[in-house]
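Look for chain A in each of the two complexes below; its partner is chain B in the first and chain C in the second.
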Partner chain A sequence: MIKKVISVVLLALVVIACSSSDGGESKPKDNFDRQTMLVNWADNIIIPVYQDLDSKLSALVEAKNTFTVTADQTNLEALRTAWLNAYKVWQYAEMFNIGKAEGIYYSSYMNIYPASAAEIEANIANGGYDLGLANNQDAVGFPALDYLLYGVAGDDSAILEVYNTNANASGYKTYLSDVIDKMKSLTETVLNDWTSTYRDTFVNSAGNTATSSTNKLTNDFIYYFEKGLRANKFGIPAGIFSGGVLYPEKVEGYYNQDVSKELALVALQASQDVFNGKAYNGTTNGSSFDDYLDYLQTITDGEDLTALINAQMNTARTQIQTVNTNFSSQVENDNTKMTLSYDELQKVVVLLKLDMVQAMNISVDYIDADGD
Partner chain B sequence: MKKFLSIAAVAAVLFTSCSDDDNEKNNVENPATYTFTRNGESTVNFGGQTTRIAMATELVSALSDNTKTKVQLQAMFNHQAGNADFTDANLNSSDKNVRSKVAASNDFFASNTTVSNTIKADFDAWISEQADNVFVSWNVTAQAGVAGKLQQLGSTTVRYFNAKGLELNQAVAKGLIGGLMADQMLNNYLSDAVLDAGSNMANNDNDVVEVGKTYTTMEHKWDEAYGYLYGAEENPESPVLDADRFLNTYLRQVNDDADFAGIADEVYQALKLGRAAIVAKNYTVRDAQVKVIRENISKAIAVRAVHYLQGAKSDLEAEGTVDYAHAFHELSEGFGFVYSLQFTRKPETNAPYFSHEEVNAYVDALLNDNTNGFWDVTPETLDTISAEIAAEFGFTVEAAAN
Partner chain C sequence: MRFNTKAYLQSKTDAAPLAVFRILFGIMMLFSIVRFWANGWIDKLYIKPKFYFSYYGFEWVKPLGDYTYLLFIICGLSALFIALGLKYRVAIIVFFLSFTYIELMDKTTYLNHYYFISLMSFLMIFLPANAYFSVDNVLRKTAYKTIQQWCVDSVKLLLGIVYFYAGLAKINSDWLFRAMPLKIWLPSKYDLPLIGENLMQQEWFHYAMSWSGMLYDLAIPFLLLYKRTRWFAFALVVFFHVFTRVLFPIGMFPFIMIVSTLIFFEADFHHKIINHIKRVLKPKEVIDFKAVLEIKMEKVLVPFLVVFFVIQLLFPFRYVLYPGELFWTEEGFRFSWRVMLMEKMGHATFTIKNAKTGASFVVRNRDFLSSFQEKQMSFQPDFILEYAHYLGDHFTSQGHKNVQVFVDSYVALNGRLSQRFIDNTVDLYKEKESFCHKAWILPFTDEIKGL
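Then we have the complex of A and B:
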């Protein structure tokens, strides 16, 4: 009997040895509870982020209303503070390019940078603009405000003159006001869609198809990390995609000259919080990529991807902390610190875009053109 | 007991049949030439590689033309579409250039742009210095600390060196063999991350071709690796070698050394079989060929590195008049091949045989640790480096030297 068992085991070994050489391994069944993860994302992260962004934009609207009545230094500074507070929350919101946000190209109207000073000035000079036109995507949103609040003239007193004594001062005030109102109304549209109908659609799409919520949000998350964070904030200014030609004027918050690092660190923290399922308003960790990967690790006896990804995100953070608060001057003076940050972020991208999606059996729905 | 033995025997037979299968490459037939078609049309395409080899060829020639300006040389290295940088109009209209693909492989440099920039800057510096320091000293006699010309003994050949004795055109040419050709081939186009990127495998399995093309993306990536070795051949499907002044020619030279005879055919057979395996959707066979190619292309670079270091050493140790022109020419070629070692690829790993840091240490030992570079380098240093390279690759210094 025992011998028979041995023979069966031996034959089984042979069969396994032979079939594995064909590379046709079948994966264990994935029974992870996606819906619990979707509920955590929607109720504890995405909707709270939009609610906070909406409230920060309300504060921005108020500060703007005060400033357009009395354009003085105090009100300018209050307006700038409100801008930065909202801009930091935006770093979380930018990655949720799904539902209404995707449909109305929300992020394209909120954070395309560098803003075009020429287009903004032309809009102000000519009036009669439509801020909803695709042409105006680089004349609206946070980057347009960066220009209007910091770059529209050489120093603060000159900036205040633009809004007070300039021949077209009212045109500048109106444009400032219109840009902020537009950001507020777009955000309300997205938030209201989530709280009225889209939340249920989102959490009930718990399958694994290209259009399922998990698949789409996973792609959004990775896309944000790769493009929004790695490429836009570091790679493009540092000349990674331009044969070494540097673009110090393409950093986020270029006119402010002091926030590009802060925004980048918030973006990294936002990514890591979403990865770990951390509630936006609080410290509880709910279901997210980390739990999904831990589950997959136990059923496949694979690598501890959660630990690897968190460790590499931490390494990237440490590297980014060595960069000057003003990325623009960092690019001009010692671009190496920018490329080293880019390199550490790229290592995260590889873990997310190859290892994580492979483990989750999700296809990346965007590709980079490469090769000859 | 007997029964157990019989079971063991049966199992052994089964194991054997299993491995026999491997020996027959899982029934992937290796075609006679690198010719692949779909519906009667060729699926092989590597125009971009042919273009870059041609650009590199013109650049290296221009580095020996002292009427060229620094700006002209830099423009040939970092060509922008439409600029009249080359004699060949097709190259001028091309949107490709050499510089963007130096130290630019997915596996080694996608997360290492900082080192990539450093390497590109080395090439920039060699090219600029040729114009700045060597072209202007075209009629000066070179000596320690002085850039200029030296004529080889018993020959009309004149060589041009920088103040450290380095022939910069050789540093560029031999550096490109690693930095452009080997890196793109071994660490980019033969990389899993590139061959299997996105939906490449599913598309290849289902014969989904690229829009408007006859080939799948995976087929094309493999062809691009092929093109960096054979892209300048007149009939690339049946390469004869000596078609360029880069990897193609130096693979032939290594193959001509009896100690390494057969290496060129091994590479060709592996490239053909790997491509046939992609057509047959057999990725096990494909991956086995990647290992063969990585090992042999890497070895060819290492053999030439040791060969030239040893050639220079015997020149420097000659009794009577030392032929510095010839010695430094060989040393410069050796320098370029040593530099290229950081782009080699150890099969089964994600690493080169010698890291960027290890190569930099060799660069310093040859060129920077002494005040006057090659003028001060000792035979002992050349022997030490030669021995370390040979040992890492598992051949002998003697085998590479002769």
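Then we have the complex of A and C:
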């Protein structure tokens, strides 16, 4: 009789062992193919975004090279345009905190704001800085350029004087140059990793585990929406987390004074495009969260989450469009428009973090305790 | 055919099944403790967090800092002593107390199967599980061949309640007629080999699993009781638990249940197990075998255990005393064998407001809670209230004046669209925890019929 028990238990263990190993997979097509979604993300969104960012940064490097030779108004304008063009593409790239980008803390060296003017000035005055150090994260990237191109002096002619007649003009030029070169080289590192090896790793990790591509990218996507978009661009400057103490100096593009709204709208569009799987270079709509949710809806007969999420994103966009182009002055003059925008974005967060994650049944974070 | 209580209480049974149960229970518990430690969960769940969620009335039970490790050592050692049958009575009391203390430290980690282990170890305090094949026998040079029938039956009864009540809880419209939450859980197992991409995606399969799960839980105690269906039942037990282990992260529970159900088998089966162990260990033979173990204070003990079981039978139904949907309010949800019944998630954002000036700010939950605590807090009203008080106290002690605490919370249950969960106009800092209904939970807008 004991043999009977042992054989039953052994059989059970074999079932477990087989299930936890990655056996060969056969794929009948009566099912949502998650790998198609990963391929769409990688080939039609993520890699094209990085390629575009890389080329926009190349243009920025060129504009910088011209400017450091001849720091005049024309070249300053060209440099600023190149900065804004790259900054807009960055709004797409920031959410893909996976692979190399995650490993080298890419986004922390590209867009921590507000930039610290004091640290930037100290670096320039002292020289011998290492822009790869963690404590320089608020002295590099797009926000540092925002300061160097718009905030380093009172008006344009004063700014040009800093790069021409200031006692340490060459120091300013070198720093400007180093910051831009650093951004370019970091981006190249991330892009090259995607195009050489990581793309296949990403696409083939199609399981439902805490470290699989779908789960990680979903987490990244929601985190970006909640933190990068909702909190950083709206919540923090609008004093949501600080008991009504407003931080107009903490808006994105503070020194430029004219782009925070534009960048926020691009970020919202980027999120919506990724949600719907829209190709970065074009209008084709590939497989993404929307299709996955539609598929799951056919099983559960639940709500049309795709429609609800898109509608709420559109509502948020309409609200944001009422805000002044300069978030900073909006915060100072009529903060309610900022908090209303925050509220609409928060509703999207609930839909993404709660309803979408529940439908997909993935863990929002790495919780590995038992359930029952 | 009248049941003769007196005759039943005097009837005797072989001591081997309870001895084997004791050994396997002890080994399983020891292994569970070691696994818990090895996974780094002591540090993660009981050392790292700044704040712990208490059970109402047990606020004094808190983790002990680094001594928490000592607590786990004591718990693990007592489990080993139980398996050996060495100083059994002391060991099982120490195990019950230390294990229950661990479970009371933070209700974030509440699991029905931990509650089951606390109850089972409590029951075992009163059972002579060391009567046969234990180190205590060698020390006392005495062993007993038979014990009272009710001793073994009470273990069977507790196991039976767990299964049967888990089955009763599945008789509800979400489980049976919407196949929820399996319709959410099973399709997400698409990465299982062979069945992930096809079977797991089929609606009929979700219904089949829901209905068979319910029937399994209701029927299994009876199938195990009758000799003719016992092997079939055991095969079902193994299959069911192994299958759920493959699908869900449920740790040691399936193995504990598989091993526990062996107690339903006849004594000769357990003697064979003991003989196998003897062949390996070659223990000292006990000199003096006595026939029957007489239990001290049996006249008090039996009524006491009757009361214990009556409470067990009634307690899961306490939810009828509360208004509102049980799955939504969770008033009377725990300690009722409602296992794997819902897919429920929440999102709770707390606002601290100065009642006088109206100035307010939003709290970052991650500053105070672990991700696991935040997840559990977001959809359970008693957690939300306790956390609101913690926040209120914290910010008051930081010098904030006229503190009010409000929550903006949404909950999604079994695939329904998320809806607002807590009245966001209620200052939770003024609300008190009690066993009464929490009026600030907003009503559930749908209906779930059933037990």
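Keep in mind that, in the parts below, the second predicted complex is superposed on the first by the 334 of 372 C-alpha atoms of A that agree within 3 Å, B and C clash if a C-alpha of one lies under 4 Å from a C-alpha of the other, contacts with A are read in each partner's own complex, and residues count from 1 in each chain.
The criterion applied here is as follows: contacts are C-beta pairs under 8 Å (C-beta built on N, C-alpha and C of every residue); 3 or more make two chains touch, one makes a residue touch a chain.
As the structure is a prediction and not an experimental result, all values here were calculated from the model.
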{"item": "First, second, both or neither for A:L354, with chain B first and chain C second", "value": "both"}
{"item": "Broader residue contact with chain A after superposition on the shared chain, chain B or chain C", "value": "C"}
{"item": "Chain B versus chain C as contact partner of A:I240, first or second or both or neither", "value": "both"}
{"item": "Partner chain in contact with A:A134 - chain B first, chain C second, else both or neither", "value": "neither"}
{"item": "Touched partner set for A:T339, first chain B, second chain C, both or neither", "value": "first"}
{"item": "Footprint overlap on chain A, comparing chain B with chain C", "value": "11, 18, 21-23, 240, 243-244, 346, 350, 354, 364, 367, 370-372"}
{"item": "Contact footprint of chain C on chain A as seen in their complex", "value": "1-2, 4-5, 8-9, 11-12, 15-16, 18-28, 30-32, 34, 206-209, 212, 235, 239-244, 296, 299-300, 302-303, 305, 308, 346, 349-351, 353-355, 357-362, 364-372"}
{"item": "Complex interface listing, chain A residues touching chain B", "value": "3, 6-7, 10-11, 13-14, 17-18, 21-23, 238, 240, 243-244, 335-336, 339-340, 342-344, 346-347, 350, 354, 363-364, 367, 370-372"}
{"item": "Chain A contact footprint on chain C (complex, rising order)", "value": "39, 41, 45, 109, 111-113, 180, 183-185, 187-194, 196-198, 201, 203, 206, 231, 234-235, 238-239, 242-243, 245-246, 248-253, 258, 262, 268-269, 272-273, 276, 339-340, 343, 345-347, 349, 352, 354, 359-362, 364, 371-372, 375, 408, 410-412, 415-418"}
{"item": "Complex interface listing, chain B residues touching chain A", "value": "3-4, 7-8, 10-11, 14-15, 18, 21-22, 26, 46-49, 51-52, 78, 96-97, 99-100, 106, 110-114, 117, 120, 189, 193-194, 197-199, 220-221, 224, 227, 283-284"}
